[in-house]
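What follows is a pair of complexes built around chain A, which joins chain B in one and chain C in the other.
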Partner chain A sequence: MMRRALSAALLGLGLLCLGVLALLSVTRRWPWPVLVPTELHADQWRELFASESGVGGVVLRSIGMASSVAILATAAGFVSSRGVARHPRREGLFLVLHLPFAVSPVVLGVSLSYFFLRLNLAGHIVGVVLAQFILAYAYAVILLSGFWNPQVQALSGLAVTLGADRTQVWLRVLLPVARPLLMLCLLQTFLISWFDYALTLFIGGGRVSTLTTALYQYFGSGDVRLAATCALLLLAPPLAAIALHQRLLSATVAARLEA
Partner chain B sequence: MDLPAPDLHVQGLDVRLEKEHVLRGVTFAVEARATLAVIGVSGSGKTTLLRAIAGLIPIERGHILLGGRRVDELAPNRRNIVYLNQEPLLFPHLDLFENMAFGLRLRSVREDEIRERIDVLIGSLELHGLSGRYAHALSGGQRQRVAFGRALAVEPAMMLLDEPFSNLDPETRAGMQELFKRVSRERGISAIFVTHDLKESLRVGDRFAVLRDGGLRSFADRAEFCRDPSSGVAREASYWRMLTGSEGNESSGVGTQHVAGMAQAFANCDDDHGDK
Partner chain C sequence: MSSTGNGRPSDLWANITVGLVTAPVAAGVAFMILYSIGVIGLLAGGFTLESWVQVLADVRTWVTLGFSIWVGGASLLTSLVLALGIHTILGAAPRRRALHGLWYAPLAVPPLVAALLSVEILGNAGVLARLGHALGWIGQPLDFPSPLYTRCGAGIVVTHVALVTPFLVLLFDRLARNERVEGLTEAARTLGASATQAWLRVRLPVLMRAATPALSVYFLALAGAFEVPLLVGAQYPPMISVAIQRRFSQFDIAMRPQAYALATLYAVLSAAILFLVFAARRRRERLERGA
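For the complex of A and B:
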């Protein structure tokens, strides 16, 4: 009962926040202390996608960058998590992997920017993607190393004795068995890049604009309504991804239970 | 017992795991279409022996020959030796049918042939009507039968069974032992069946080996064992009795019921022999 009430309260709070953002994004006049806007219009949305402000391009760039980071980090993380999980000094390796999360993103950004400047990667999308990849990769390895348990090792051995070569073990056993975890990792690493501000700012040096940095700019300029519109755009892909993930997960469970 | 010439030869097998000498100079042969029951207490090296033959762990010294051909130099997927775990491991992303068809799909067998072969196996293993089920919707006995069927489907030259029925309840276990005997006889399977249960070994084995401290301590066929209880396996069994106490010793992990079961296994030796 208590848990249900808490869930309902959290859901209500989330919906309230989204509702306020949605209202702000279509508000022309909302004088205090009136509870709801007195005048609505779609100017913010039009302005956001107007060719001169270029948010449409920023959205596409953000999606491209976050997708690249997610795919690269998940793929590299999956392969290397196996080595880390079985390494005799894995405790030490895990400590190193936690380091990017132990320091402030600002400190990490500043530290990395020194090396990225020397490598001519600062101020480029590639540099920002690479910086975000470091964070996402560490996260992916930590998340996916739990997959390599004795049961998975036994399944691989079993597949080999049934005639599978190394590639077939990966394609027919490891990847399908790890699919739910890989989906989760893709989603989480996508969000690491999608919501990143500090690394984009320090490595991008203001020349690489993403939806998150654009939101900060709108908010800094005092245009709350445009910032709210941008925030809705920022929330859309993660919400869609979470909904899709939940749907996929429930469909898989339902299909198996039905069988 | 008129069995053909030896099929699997293991010669002077040495295996080290993390600097521990687990197997020392193990030498034996398994004749084609026969089941060798390997008996031994926990930690005696039974699982290591099977995993080494399957190629899942490297061997330090020795040779493994299958049908006269050295297989210890081959990759595990090229040995045609299937290893069955103690846990009935099924691929969780595949249903029963696809689990059983796994090895055939790797070999690019035609779809209609796969269907035909798996349907026959499903019938033979009494798994009718379950082909669309996933592992979590099957009982322990059903899962073990699927794992057994999946191994049979690829028609292996040798099956290695690592205490396959140890996690099943006594009734299901007895049923599975009968099923193994029937199917292995029907299909002429060569197998090494590892168990710590002497009674089970007598039920399923044609020949017997006892592993202790990484060495093969004795080796006898069923007839020899039943004729002369003072030799080979029987001597090892006496050692077990001594170890566990004739009245059973709960603290040793082997209860009265288990020791009584072993005693009954000896008493029924002639019956079992006749049954085979």
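For the complex of A and C:
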């Protein structure tokens, strides 16, 4: 009985949150103290995608940036994680890999902004992607280090014994075996960039607009309806991933917890 | 890589890893130190500890640091108590298919969206205030006891708790399986322990011991949080990340060395805590291996 009540309460809270955002995104008037909006319309959605500096471009830019970060971090992280996992001082290396998360993205952004400015990367998409890559790469190495267990080592050893060269071991043995974990890593590193606000703010310097910066701008200017519309766009990819790939998410969390 | 064939298999990629992660952090911290002591930067006029003295002597610095630790600790502790309670009540339910997605949903919510939801639900004109008015409990928005924008940081804590608790429930579920907590609890009950004793002396210590490293890193992340305090925090006291951002973004460029001094102070403190967490874990593992 208690379990059911608790589950129902949690489900209700989740639906309330989504419902509030969905309502706000189609609200024209919602005066105090009425419980539901008195007028609805779809202008927020039209405005977001129709205006010259519309969010349509921002969505595409955010997707492009997050995809680049995810692909770069996962590819580099996969190769590096092997060296880290087998290194005699891997505990120390793991400590180093946790540093960017411990010092907070704001400190990372503030400390890097000067170098990015000197390299003409501040205020540029490439600069923001590179800054996000530092966090995503560290995360990818931590996550993928768990892959290099004795079974995988034995498997690649067996392939070499059977005549496979190094390229074949990577392409025909390691990549197929690691595929599920690589998919998880791609999703997680995509989200690191997709959710980022601090690094985009400090490295982008207001000239690189993403969905998170757009949300903050709308919120700051008092337009919570457009902010809610941006919030729904931000939630869409990860929620779709949960709906479509529950098992993938389950494994992602497991991997994250183990990392 | 193990097949480099030079007898030092892991060094190349380990060095690359360290370089890609440490170099930017170390270079950034070195730059902040040099800027804050007047060696480099637009205002560089030779070595001086003036900004450090100003930052360290400013009571607001310590209030900000104390407030960040308070918010991080309160958020984590509240989430911990809730997650342990939910985990005890639900048992294996989070693993069941119907509830599965529900537990993962908060992981899909970025802090900015969580803060926006807090404003719209817990704010003075939010959903709960409207509900309170409909039930006749309040007459106007200001009558609603909103936790947002309060000096004690209640709104930040509530928002963090909503984000963190589901993750901790999943963490405890996972750890309970790895550590075979159900079996241990059952053994304790068979040996005569009451349900409360089994919970307090078996389940809780086993789960907390296994969760401590993850919780320590989580504490650092919560104490250094930026987006949630930016949206639902009071003007004063600010959390450390917001305080750094404010000093850094001020029109008065003379404040920048102080911003870098404050950021360096926080970076060193959090790195030291991380180091202590890793050292403690290593020591414990060594002791366990020895035993």
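Just a few scattered comments:
We adopt the following convention: the second predicted complex is superposed on the first by the 229 of 259 C-alpha atoms of A that agree within 3 Å, B and C clash if a C-alpha of one lies under 4 Å from a C-alpha of the other, contacts with A are read in each partner's own complex, and residues count from 1 in each chain.
What we mean here is this: contacts are C-beta pairs under 8 Å (C-beta built on N, C-alpha and C of every residue); 3 or more make two chains touch, one makes a residue touch a chain.
Nothing here was measured: the structure is a model prediction, and the numbers come from that model.
When both complexes are overlaid on chain A, chain B and chain C end up sitting side by side without clashing. With both complexes placed on chain A, chain A has more residues touched by C than by the other of chain B and chain C.
Of the two partner chains, chain C is the only one touched by A:80; chain B is not.
When the two structures are aligned on the shared chain, A:158 is found in touch with chain B, with no touch to chain C. Measuring from the middle, so to speak, at the Cα centre of chain A, the directions to chain B and chain C differ by 100 degrees in steps of 10. Looking at the shared chain after the overlay, A:72 reaches neither chain B nor chain C.
By the touch criterion defined above, A:35 reaches chain C but does not reach chain B.
Once chain A of one complex is fitted onto chain A of the other, the partner contacts of A:172 are limited to chain B, with no touch recorded for chain C. When the shared chain is aligned, chain C comes close enough to touch A:99, but chain B does not. Put simply, chain B and chain C get as close as 10 Å, counting only Cα atoms, in the superposed view.
On chain A, the surface touched by chain B in one complex and the surface touched by chain C in the other have residues 257 in common. On chain A, the positions that touch chain B within their shared complex are 151, 154-155, 157-165, 168, 172-173, 176-177, 179, 256-257, 259. Of all residues in chain B, only 51, 54-56, 75-77, 79-83, 85, 87, 89, 91-93, 95, 102-103, 105-107, 132-134, 136-137, 150-151, 154 touch chain A in the complex they form. By the touch criterion given at the top, residues 1-3, 9-14, 16-18, 20-22, 24-25, 27-29, 31-32, 35, 86, 89-91, 93, 97, 99-102, 104-113, 116-117, 119-121, 125, 127, 129-131, 133-134, 141, 167, 170-171, 174-175, 214, 217, 220-221, 224-227, 230-231, 240-241, 244-245, 248, 259-260, 263, 266-267, 270-271, 273-275, 278, 282 of chain C touch chain A in their complex. On the chain A side of its complex with chain C, the touching residues are 2-3, 6-7, 10-11, 14, 16-17, 20-21, 24, 32-35, 76, 79-80, 82-84, 86-89, 91, 93-108, 110-112, 114-115, 134, 137-138, 141, 153, 166, 194-195, 197-198, 201-202, 212, 215-216, 219, 224, 227-228, 231, 234-235, 238-239, 241-243, 246, 249-250, 253-254, 257.
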